Each structure stands twice: as structure tokens, then as C-alpha cells.
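Shared between the two complexes below is chain A, which has chain B as its partner in the first and chain C in the second.
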Partner chain A sequence: MNIASGIVFQVLQSVLVVLIAPLMLGWVNQCRAWLQNKSGAGIWQPYKVLNKLFHKDAVLAHNASHLFRSTPYILFGCMWLAVGIVPVLATSLPFAPAADVIALVGLFALARVFVSLAAMDIGTSFGTLGARREMMIGFLAEPAMLMTLFTASLISHSTSLATIVETLGHRELVIYPSMAFAAVAFLMVLLAENARIPIDNPSTHLELTMIHEAMILEYSARHLALVEWASSLKLTAYITIGIAIFVPWGIAQAGDWTGMLIAIAVLVVKLTLAGAGLALLETVSAKMRIFRAPEFLGTAFMLATLGMLTHFLLER
Partner chain B sequence: MNLPFYTQLINLLAALLLLLAFAMLTQRRILSLINLFALQGFVLVLSTLVVAYSTHQSHLYYSALLTLILKVLFLPWIMHRLIHALNVRWDVETLIDIPATMLIGIVLVIFAFNLAAPISQFAGTITKSTLGIATASILLSFLMMITRRKAVSQVIGFLTMENGLFFAATSATYGMPMVVELGIALDVLVGSLIFGVFFFHIRETFESLDIHHLEKLKER
Partner chain C sequence: MDASFLQPIEAAVTLSVIWIGLGLIGLAFMRAPRLVSHAVFPAGALVSILLAATGLWAIGAPPSAAILPAGLPDLPFHVRIDALSGFFLLLLGGVSFGISLFAVGYFRDTEAATLGQLSLQYHVFLASMAFVLIADDAYLFMVTWESMALSSYFLVTTEHHEERNRKAGFIYLLVAHIGAISILLCFGVLHGGHGDYTFEALRAAELSGFWATVAFLLAFFGFGAKAGMLPLHVWLPEAHPAAPSPVSALMSGVMLKTAIYGMIRVIYDLIGGIRWEWGLTVLLFGAATSLFGVLFALMQHDLKRLLAYHSVENIGIILIGIGLSMVFVGSGHPVAGALGLIAGLYHTLNHAVFKGLLFLGAGAILKSTGLRNLNEMGGLIRYLPHTALYFLIGALAISALPPLNGFVSEWLTFQASLQAPLLESSVVRSLVPIVAAVLALSGALTGMCFVKVYGVAFLGQHRHELAEKPREASRWERAGMLWLAAACLALGLLPVFMIGQLNNVSQALINAGLSNEAMASDWLWLVPTSSAQASYSPIVFLLVIAVVFELTYLVVRQVYHGRLRRSDPWDCGYPEQTSRMEDTADGFGQPVRQIFAPVFLIHREIPRADDPQPVFKQSVQDRHWYWLYRPIARFTEFLSGHVGKLQQGRISIYLLYSFLTLIALLVFAQ
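Right after this comes the complex of A and B.
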């Protein structure tokens, strides 16, 4: 493979994903509004919000440390790196060797640690509350996520996402029953990690229920913009990981320009469907009490484990 | 590994069966429990049809039809009528909390898979690897009967166990002889009707469907 074209592909993919991430969030919100019989703010709303926030002056608490100030940049960097190394459009990119599933989970964990620390940095009670809840959700969601990814890597004998995509997407079609378990578990982890409805409500500012919003309450202007952008990137990253593992068909190989065009079209279709599905799921389910969250994520972990077990029983 | 397409399909349906068994184990509401039971019956019908078609065993079509009528349509309908008549749409109370039940469930699944592994070595059928899943779903429905306190969900556990047994029969030997199958189907039917009558009696005597009350020997 030509190194130059690989780099072009890599840059194209990274930039494209960063640009469409707010659109993805806008689309999910728009679908939710439609399902609730509202007219909605339009799919471009997140861009308008980002634009507004970038033009405001930032307000910082007097006792804010450097950690608080640098966290939005670290968070945004982590998420950008995550979507950059996931094979969204093409496999065998220059960054592909870094797209190890364990490294990805570690990257999300790094972002989580910094956000939680920043939330506690100011010393307000809401920040601390949100940080504690986030860590609770995180430590329950991470094992489930890892088990899900291990199920996929057992099939392809590699923890590299690019290899998983190659194995599942570019060979003849084989039905893997274990992937059915893994898919359900992954969906549950996706909802929990991205502060979506059964665990957290992204549009609430009610003290008793918020998790993610409580942590970022002290941020304003460009910091808040970066945090918001990063959370839409995180949602996109999770959805594209899901696409790469469970519906990898259509992802191009690097250096293949016509394949790339098809891959972009296929990606748009998949993201549209995924966003609509996410909105539907959020509309039909109710937010659960915070103490039910361990049960929800325990179920996810159990399903992922069952997936691994069925792999050993049925697919060897 | 490149299994034939039908085997893959049966494996997928078997996995769905196990998934539904777990969903029933963790379900809190009786109404959803009944719907899941009907869905499990439907998956069972599909898998029986696939086995019948791929192995040209024509008697399996009859068992599939029997399962469809009995377990997907008739029994759920009776159950729905029963809980309407008894007015019991409360949340199911479990003896052990649900996360602990799930952990026990996983242990049971590992046990069942290990138990079935040497047996399925000897089976010559195309569905041999699903024997472990059938055993697991039988054990899981046992667990459900043990951990539930209310009579209705215990009966659903009993019927689920029958589903697991039926699946085990299909996967190990391409189904039981027709006479046995008809007998079991009739047993289940009559059994659930008697259970229905029992529910009314239990509630009339104790004003509750909680099996706990049956443990006392004295009259109130």
C-alpha cells in the first residue's frame, strides 16, 4: 500500500468524522423530537450551539486549577484519537495498528478519569456527585465492554479492530450466534457510556438524576463547546465501533478510491439508521433509578460472558 | 470452522433460546414474562422447522405445528386470561435479588456446557452442539422456579422447562416418537389447566398467590 495515499485516507477519515459528529447528535435529537410529536430544533442545532459557545467569553471559578482548564482539550483529544483509529471508512490505515480494542477502552477510561477529576476540582457538590456516579457507571460498563470486544476478537483471533473488520466483513458470510449476545451487551454499554436514557438523560438538568451534566456544570464558553463536541464524538466513536464489529460490510480497504466513495455512502446510511434506532430506543424506554444501573450493566456483562461461552460451545 | 448453513441457523436459534431463558430469569413483570414465554415457543417452532427441513424428518413438522398451537398461541392466551381474572399484574418478587440470580445462572450455563460436551461427542445429528444450550435452558428454568415466590411465575418456569426438554429432544435425537410427544403435549395442556384452577383455590384460601403461605400446616 502506498504510504502517501494511506495518510490521505487517514486525514480524510479523521476530519470527516470530527465534522459529522455534531450532525449525528443533531440527527438523534431531531428523531427524538419527531417521535415525541415535536417539531425539533433541526439537525444543524449542535453546530449553532458550538458556534455560539466559541464566541463567548469563558468564566472560570477562582479556585480552578490547570487541570480544570486543560481537561476539555485532553477530552477532545482522546475522543478525536479514538474516532481517528477506529476503521470508520477504511481498514489498514497508518494508525490501524493502534486500533487495539483494549487500547480503545483505555483511551475512554483516560478521558473519564480527567473529566471526573476536573469535576471535583472546583469543589462544588454537584461536580463531586456527578464524578462519583460517572465512576460507578464506568467501572461497571468497562468489563462488559471488554468482554463484548473479546467475543469479537475470539472469532478473528486478534484484538485489533482492523483485523476484526477484515475477518467479519470481507470473508464469506458466517452466522456467529455469540455475536447476537455481544451485540445486545454492546448496545447496553453504549447507552450507559454515552449518558443516554435508561441510565442518564442527556437533556436534563434535574439535580437528582443527572450524571454527565452534573460533571460539566462549571464549564462555559469554549471549554463547554469542546466538552459537548467531545461527547458527540464519543457517541459517534461508540456507534462506529459497533458498526465495525457487528455490521462491517462496506468498509473499504485503504488506497481504494471507488471503495472509499461507496464506504462513505454506506457509512451515512448506517449512521442514519443507527441514530434513528437510538432515538426510538430512548423514546420507548424510561430512565431507571441510579441504583438499578448496576443491574442493567450486570446484565450487559452477563450477556457478553454468555456470548463468549456460546462461542466455545457452538463455533469451534 | 465452516459449518453447513442450516447448522449455523440452528445454532443461532439455540443462542436466541438461551438469551430468552435469561431474559425470563431477570424479568420482573408477569406480563412480559408471558410474552417472553410465547416468544421462546416461537423460536422453538422455527428451530424445529429448520431441523425438519434440513434433515427431511417429516414428523418434526407435526411437532412444530403442535408447539405453535400449544405454546405460542394457546398457553399464553390462557395465561393472559388467568392473570386478568386473578388481577395479578404486580411485579414478580424474587427470593434472591436479580444480579445474584444472573451470576448463579452463568455458573449453571458453564456447568451445563461442560456436562453436555462429552455427550454431544457421541451424537451423530447435525444439531449436536446445541445439546449444551438445551441443558442450560432446562437448568435455568429450574432456577426460575426455585427463585420465584408467586405461583404464576413458577408455572411459567415449569412450562419453560418443557420447552428446554423439547429442544433437547430435537437436538439430540431429531425429536421423540410422535406418541410420546403427543402425550407430553397433552400433559402440559392438562397440567396448566389444573394449575389455573389451583391458582383460584390458592387465592381463595390465602387471599394471595404467594406460595410462602402454603408452608404453614395450621389453619391460619
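Right after this comes the complex of A and C.
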């Protein structure tokens, strides 16, 4: 692989994903509006919101510490790194070996810990409530997530996402029953980790039900903009991890320009479908009570474990 | 090497003896407390760093041995230093350096008489640990093991005027001795009746399968008692909070590791011929210990008790690594076994560093505010900014978050567990990834626990009106914490160097190391097996986040603006916010208490509806006291009650006993 073209691909992929992440969110919201017979705000709305927030003056509580002020930047950095590592458009990127799937889970955990700490920094009742619930969802989702990823990595004998994609995507088509279990588990984790229905509701500000929104109540202006941008990046990162593991066809090798163009087209189709699917899921299900979350994520864990056992029993 | 040249073993013995000497000097000059705290402890720290260098040297050097002119006639002390001892000496020296520096500031205002004794016990404790690590016969090993237990007992009961601390010391001594008896029996089994207790002879002894397993179990539970393994962990959350903070840091950071050393030394080196069934035992106990430890840690509001439960958890994680290694070595996959062993040993070092740091942080809080109860702290980041920064590094490290050191060792453990497809037995093969899931769960729970600790103690509003403003830790204390925090960063960002050292240890111990491709990778990339399978580069990781952080900061300021206005918190528009509306430590742990309710023994006192001053009381207790320890204690009481009937206090009765014994012996002699 040519180093220079690898770096060009790397930068291109990161910038592209960072730029389209709010669009992804706009698309999901628009689909949701259509499904609810509303006209919707349009898919460009998140950009307008970001622009508005960046223009505003930041308001900060008197007792906010440096931790509170730097967390939005740390979050944004973490998510930027995540989309740099996931083979969204191409495998064998120069940054890809910096982290495998386990390190990627660690990266999301790092972001979660920082946002929870920032939520507790001001010392408001809602902030601590949000932090407590977020960490609860986190510890329930993480083992399920890792079991899902272990199933995928046992098939390809690797935890590196690039190798997983090459094993599953660039070979002849084999159907792995274990991956079906893993895919359902992954979807459940994705919903929980990205504060989507049925675990959390991204559009609620009902005080007693919110999780993610409760944590970021004290943020305003540019800080809030970065936090929101980071959450849309996180959603995109999760969806692209799902794509890489479960439907990897079409992802290019680095340095292959025609492959890259095809990859962009394929990615757009996949993301469009994924966004519409997410909106549909959120429309047909209702938010759960917070203490049903253990059942939900416990199910995800059991499914992932079943997937792994299926692999050991059927696929060796 | 030239014989006249200084050998690692000579350096290690000399340095340990200097430690004892320093302790005695501290005792002799206890009239001059300033001298003791500002000369003896820094000198001890200097010895620490030299010992760490010796350890590092010994990892690469061939084993060197010596016979000390001490001990009983015809029974001299044998000492030997090899790669494994070298690694643990590095750990002991490196961590105790930071702790001794901290101790200079921490013990500054201690009463003169106490300080003299403290100095003696502290340095004898350090020296005993060093001797345990270099002992090459069962005799010296047991003697120094006991002196380590006794000196730490006296350190635990430093504040002996409090009933609670005396009780904690007693429990500690009791469990330590149960463990010591078990280890003694293990050496007895190993030596097999030829009267030679040098490790050389024990290593050579051939054991039948049954006796090898007996020796393994005795060693596993004997050392497990000292390490704080389930169900022998009960002394840990009692003893650690009772001791002064630097001592807690030393006990939790280093002393528990001598038990891990003993376990590896006896099982891998002396018994040898590891079986996968043993490995499975270690693995399952490790998984149970880690999950149990973190769940109980989440229920605590006493900071030092909480940290003690986290030591239980981390010992579990270390045991998972070692168990994996034993499973693989026992089933004939030494390369995967080396990976597990390296993961376990690396976590041993990492835990020593970050737990030392966290205990020192707890000590700094205790010294400046007098508080140990998290529910009374709050907003300390504004008074103790340095301590807050170091504590944050420790908290991120223990929560296994990249790019710090705790993550590297957990990542290696995960990688080792993903070697499971190599195994033949399908039960073990599917059990290993499930243990990895337990590890993931306890890692995530640790994250929650340290968000709780940090959020409640350092962030938010003040919960407690203090008589005076808390003062930041002194320069010595900060230096100690800085050293350990820097070690957390270095071990996290440059793991390849230490992995290379650990590969030597593994080569020496099981004649296998990591694959050639893994060792060939350069310093930037950590590769456990091959770069196609997995790789991790903490430096790139940190660099990308830092660059994006900076760029975003600059771009936002350039394109938009950096205007900022301060105001009251928003909190959905609620006008009044008191510190009573924040989560307490107990409140933060509530989801865990509810989800894992069957694990805990919860006592609740719920007030009646018409109570004018309602009080809600709740306590969470450890079930082990009730199903394991209480029955044993009752049985012992019952037994001693009946044995007591033999004691009549009349001389004629005792003469009768002697007579009956003689008769019995004559019958047997026939």
C-alpha cells in the first residue's frame, strides 16, 4: 500500500464521515416525521442547529471546572478517532491498526466516562441522575457488545476490524448462523448506547425519563454543539461498525480509487436504509421503564452468547 | 559474568539490609521526628529506586544465587534472583519509591514515638517483601513471609486506640496465618520426605498426580488468602482502611502482589507440570472474585474500603490472566499460555501502580479534610486541583480506559481469551469467552464505580461544611502521586518495552514467549500474536484525540468566537439547588443494588408512615460472613468448649492423662 494514498484515504474518510454525521441524524428524524404523518424539519436541520449553537455565547455555571469545559472537545476527539478507525470506506487505512474492536469499545467507554463526569461537575440533581443512568446502561451494554464482537472475531480469527471486513466481505459468500444472533444483539446494543428508543428518547425533555439529555442539560452554545455533533458521530460510528461486521460488501481497499467511488455509493445506500430502519424501529416501539433496561440488555447478552456457542458447535 | 563483578543478588540483599538499617535508625532517632520523616523516608525511597533498577537488571541477566551467612546452624538462608523475582522487585521498588516520597509529607505531623515505630515497621515490611521475592528455600521464605505479615499487622494497628482497628488487625492476622499454614503444608507435600527444603530440591522432587494436585490446591488457597481471593477476601476491606494511607497503598499495591508471586513461583516453577484443570479452577475463582469485588465496591461509601474491594476485583483479573495461561500451558499451547501469563503479570504491575496512586489520593483527601466518607465530600477539585488530576489519572487507569495502563493489561487478557479456539475440550472452549464477558462486565462496573467516586468526591457541590478550607497536599505528597501517575501514563502509552521484559520472564518460566511476529513489532504498535489478528497503539490513540481537541478548539475560536458568560446552573429551571439534591455515593450505586440484589445481604429499616422524624436505614453486608465464617467460628467455639472440659486444673488429672498417653503409645509400639 502506498503510504501517501493511504493517508489521503484516511483523512478523506474521517472528514467525510464527520461532515455527513449530522445529515444521518437529520435523515433519521425526517423518516420518523414521515412515519408519524408529519412534514418534518428537513434533513439539513441538524446543520442549522449546529450553526446556530456555534454563534451563541456560551453560558457556564459559576462552579464549572476545567473538566466540564474540556469534555466536549474530548468527546469530539474520541468520536473522530472512532470514525477514523472503522473501515467505513476502505480497509487497510494507516490509523486502523491503532485500535481493534476491543479498543474501540474502550474508546466509547472513555467518552462515556467523561460525559458522565462532566454531568456531575456542576452538582445538579438532573446531571447526577443522568450520569447514574448512563453508567448503568453502559455496564449492561458493554459485555453484550464485546460478546457480539467476539463472535465476529472468532470467525475471522482476528479482532482487527479491517481483517474482519476482509474475511467476511472479500471472500465467497458463506452464511454464518452465529452472525444472525450477533446481529440482533448488536442492534439492541446500538439502540441502548446511542440513547435511542426503547432505552432512552432522544427528543424527550421529560425530566424523569431522560438519560443522555439529562447529562448535557448544563451545556450551551459551542459546547452543546460539539456534544450534539459527537453524539451524531457516535451513532454513525456504531452503524458503520454494524455495516463493517454484518454487511461488509462494497468496502474498498485503500489506494483503489474506483473502488473508493463505489464504496461511497454503497455506503450512502446502506446508511439511507439503516437510517430508515432505525426510524421505523423507533416508531413502532415505545420507551421502556428504566429498570426494564437490564432485561433488554440481558437479552442482548444472551443472544450474543448463543451466537458464540452456535459458532463453537456448528461452524468449526 | 565475571565472579568478582557485582551480581544482582548481592545488590538486592544489600539494599534490603539497608532498609532494615534505616528502620532501626528511625527508631533510634525517634526523638527527632523531623529527621525521621525528612531523612529516613527519603533514604528509603532512594533504596526503592535502586532496588527497582536491580530488578530490571535481573530480568535480563542470568539467574544469580547466593547463600547468606545467617539463619540456623546447618540451615543457612539461600537466596536467588531470576527473571520472575527481578520483575517483582521492579514492582516493589518502583511503587514503594512513590509511596515513600508521599510518606515524607504524610507522616510530617505524626507524633514522635509513633513515627519511630512506624519507621521501623515500615522499612522492615519493605525488606521482608524483598526477601520473600528473593528467597530460595522454604525456610527463608516462610520466615520472611511471617515477618511481612507481622510488620504489616503492626502497621494496620498503628491507630490501635480505636477498637475497630484492633479488630481489623486481628482478622488480618487470622487469615494471614490460615494462609501461612496452608503454604507450609504445601512445602511439606512438595519436599516429599528427603529433608531438603531448598527450592532446588523442591523443584527436582517428583510428585504423583494426586499429590501434585494437593500441592496445587494448598498453594492456591494459601496464597489466595493473602491475595484476597474469594472467599478469603474478608480481611482486606477491614485491614486496608484501618492502616495509615501510605501503608494501605503499600499493602494493596505491593503486598498482595507477593502472594501472586508466591502462587506463580510455586505452581509454575516448583510444582511444574501444569494441568488445564488447575487452570480452570484458577480461572473460575478469578472470575468470581473480580465480579464480586467490584459489586461490593459499588456499595461502599468509605473511600478506602471501596478501594480495598477494588483490590479484590483486580486480584480476580490477575487470576483470570494466570488461569488462562495455565489452561493453555496445560493443554499444550505454550505461546497462548505466554500471552495469558504476560497479561496477568502486566496487570499485576499496573494494579500496583494505579492502586498505590489511588490510595495515596485517598490519603491526601483524608489528611486535608479529615474525611473518608464519600457522602460528606464534594467539590474537592476546587481545593485540591493537583490531587484531583492525579486521582483522575488513577481512576481512568483502574477503569481500564485507553490510553492508560489498566486497559493494556485487560486488552491482553481479552486477546488471550480469544485464543480459546485452540483448545480441544468444547466445554472449556466456550467457557473461556464467557469468563472474558465477566471481565468485560467487571471492567464496565469499575468505570461506574469510579465515576461515582470522582463525581461525588471531587465534583459537584460541597456536602459538608468544613471548619477550614482544605489545603492541597504538600510537595512531597504531590511528588509521590506524580511519580505513580506518570508510571500509569508510561505503562499505558509505551507498553511494548515492559512486554519485552515480561517476555523474558515468560521464557524463563515456561520456555515460551510471544510469537516472533509479536516481538518483531516496533515500539509504537502492541501486537499480541500477529498484526493481522490484533494490534493497538496507545500513542496514535492519544495523539489523534489530542490533535482533534486542539484543532477543534482553535477552529471554533477562529470561525466563530470564544465568548463566555458565567451564571447560575440551569437544571431545568429549578430555582434552588442544594447539595442534598445531588446523588450521594449510595444513591449512585442504587441501580447496581437493585439489579444485583441477590448477591447482597441488604438490611433495611423503613420508617412508619406516621413517624414524625422518619429515618431510612440501609446496610449492605457480605454473605460470606454468614454462610462461611460464622459457622466455622461457632464450630471452633463448640470444639474448644468441649476440649476445655479436659482442663480440670488438678495435678492428678494431668498425671492420669500422661499415664493414659504412655499406655496408648506402648500399645501402638507393639
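To be clear about the criterion, the second predicted complex is superposed on the first by the 315 of 316 C-alpha atoms of A that agree within 3 Å, B and C clash if a C-alpha of one lies under 4 Å from a C-alpha of the other, contacts with A are read in each partner's own complex, and residues count from 1 in each chain.
Going forward, contacts are C-beta pairs under 8 Å (C-beta built on N, C-alpha and C of every residue); 3 or more make two chains touch, one makes a residue touch a chain.
Bear in mind the structure is a predicted one, so any value in this text is a computation, not a measurement.
Clash-free side-by-side placement of chain B and chain C is the outcome of superposition onto chain A.
When the two structures are aligned on the shared chain, A:L280 is found in touch with neither chain B nor chain C.
With both structures placed on the common chain, the touch criterion links A:G106 to chain C but leaves chain B unconnected.
Once the two complexes are overlaid on the shared chain, A:P177 sits against chain B while remaining clear of chain C. Using the contact criterion defined above for the overlaid structures, shared-chain residue A:V11 touches neither chain B nor chain C, since it reaches no partner. In the superposition on chain A, A:L306 makes contact with chain B only, not with chain C. Contacts of A:L19 after superposition: neither chain B nor chain C is touched. Of the two partner chains placed around the shared chain by superposition, chain C is the only one that A:H55 touches, whereas chain B remains out of contact. In the superposition on chain A, contact of A:P294 is made with both chain B and chain C. Taking the C-alpha centre of chain A as the apex, the lines running to the C-alpha centres of chain B and chain C meet at 90 degrees, rounded to a multiple of 10.
Overlay on chain A (Cα): least separation between chain B and chain C is 7 Å.
When the two complexes are laid over each other on chain A, chain A has residues 294, 305, 309, 312-313, 316 in contact with both chain B and chain C.
Here chain A touches chain C in the complex through residues 54-55, 57-63, 65, 67, 70, 73-74, 76-78, 80-81, 84, 95, 97-100, 102-103, 106-107, 109-110, 112-113, 116-117, 119-129, 131-133, 135-136, 138-140, 142-143, 146-147, 150, 153-154, 157-160, 163, 205, 207, 217-218, 220, 222, 226, 291, 294, 301, 305, 308-309, 312-313, 316, going by the rule given at the top. Across the complex, chain A is touched by residues 1-3, 8-9, 11-12, 14-16, 18-19, 22, 26, 98-99, 102-103, 105-106, 109-110, 113, 117, 129-130, 132-133 of chain B.
The residues of chain A lying in touch with chain B in their complex are 172, 174-175, 177-178, 180-181, 184, 294-295, 298-299, 302-303, 305-306, 309-310, 312-316. Across the interface of their complex, chain A is touched by residues 378-379, 381-382, 392, 396, 399-402, 407, 411, 414-415, 418, 420-421, 426, 429-430, 433-434, 436-438, 440-441, 443-445, 447-448, 450-452, 454-456, 459-461, 525, 531-537, 540-541, 544-549, 552-553, 556, 559-561, 563-572, 574, 577, 579, 581-583, 587-588, 590-592, 594-595 of chain C.
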